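Quick one: the structure is below, questions incoming.
To keep things simple, chains are lettered A, B, C and D as they appear, and every chain counts its residues starting from 1.
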């Protein structure tokens, strides 16, 4: 999945503020693809760049880097423009990464025509992320594939060291 | 809290892609303020525009609109650049809003010099958000203010209709 | 709901151990009732003693004391035979009470022939229970009544003082 | 850990009700042991029968069967007296087993004099338990061992088949 946005780290603007510009595509193209192809096929098409990344990937500069049966991995580079008011990356960024990798892990198990929607998401934070953390990797794995509901678990770690940043679980409703 | 970023909805760029530019400020200014002022004072200074919003607020165009003792409210306008690959706003946006309003609700109860960090966050999704949803409001309220840990609950609703989008709970570690 | 069990606090047996005897009824009577009557009717029949309490109520000495539309209340007396190895009532007792009151709150909203099953349960503990706590009350309230899934929240408090022991949320799958 | 209670499955009493008697010991003996011994030593003493099981183990007929560094396993036999009003074992029983195995998994990592208390517990249910399920096994493993908070995950499975009944995560506050 090639990020279509220009994710240059913030350059200083004349008034002392940092500035970043990103671009994205009409998100409904990918959404309609799900009716004709299995989850595995849709996600592989994204990794291959055959279909564009969804806007949220451009917004955060995050990339789907790997899929397998019941498994999906996203990566992102923590940046200053993700910061909360208490001096580190906002917890919502980890939540977004973990929701993505766990939802896509579940999606890999679904045939064409079956959709999914996150029912709930729980994140446990082990340590913070800052601009010094370096690239982080979120891996999701399916735990239970039911008929109406599937569950998955996820780990967000520092790529260079494997240190745990957060872990999570989710349940997704399956929609035929 | 005045958003410092230019949150114009995506204008079409020449290659058919949408584009958005946002700006933000050095986030460490707000972070250091927390050592000298109570949570209530820091958050009121943000609402009054005395201190700048954190970068995450500029990234998402979200605004802290109201605080009270044990209570905080954020608002945002759902946009196409928040979309997931399945045709609606990514669940991470609701997670970010709910983490923000619940964390700030807890922050309002803390004296100067006491920090907090989200220990865990759980979000339950009731309905999706799209660009047609209109402005949404996330309200957080403290449930239990312990010595080491505080908990809060949050509701994300459509401003115009009050319809429930998601509800959440969190626990934050208190750090002296 | 009259407890059918003899919930005398443990009397000392000859070898210095405490002993408790409880009785219960065939649980399938209540279970089949749910096919013919609405949730509200089934639960009211339990309160009125028209149908027996489920075995779990006899095991723990807990009682369904009140129901309303989207609301249910259970009460129990903490006892020494509920203790964990660290000197207080085991957290599973609070989990059982909160699962019960939230599940029954959801049940009150269901017509005859629609069943439910807990999909997930999250409990946040504010303070412990001991034999000195006195009677505690668990109240569940529906938050979101969807077509496939319903969510509820619960509070477990000390009856005499209103002090919070634990709070919780749940999601239940609805099964037609 | 030898169950001190007489866990005979309910015998029919004269009025058609089932009846069960269990016994337990003063729980404060085990609780005080935690001040002098490490978590690993306390739990090993329980397995060896050197100290008695806590009352909750007698109430439910559950047994601590195995411990390791950051790991603990409990087992129990589902019984009719654990039933909810909808014809299967109450979800609180799974919650109690999972809270126990995850809490003890964290306890194995703690030195003498450091206590713990469950901060929150989340259970996801995959399938129900009945009297036909047979013996079930709950295994807890530490995920993150922090200074103030530790997290763990748990799996409850059918012993004979390995089928997943429920999975869970928890956070425990560490108390020096």
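Quick note on the criterion: contacts are C-beta pairs under 8 Å (C-beta built on N, C-alpha and C of every residue); 3 or more make two chains touch, one makes a residue touch a chain.
Keep in mind the model is a prediction, meaning the values are calculated, not measured.
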item: Of A-B and B-C, whichever chain pair has more C-beta contact pairs; value: A-B
item: Chain A and chain B: spacing of chain centres that average the CA atoms, whole Å; value: 19
item: Cα-centroid distance, chain B relative to chain C, in whole angstrom; value: 35
item: Where chain B touches two or more other chains, by residue; value: 119-120, 122, 124, 171
item: Chain contact graph, described as a line, ring, star, complete graph or other shape; value: complete
item: Of chain C, residues touching chain D in the complex; value: 4, 10, 13, 16-28, 30-31, 34, 42, 46, 53-56, 58-59, 80-87, 90-93, 95-97, 99-100, 103, 115-125, 128
item: Complex contacts: residues of chain D adjacent to chain A; value: 122, 124, 126, 143-144, 146, 151, 153, 164, 167, 169, 171
item: Complex contacts: residues of chain A adjacent to chain C; value: 119-120, 122, 148-149, 171, 173
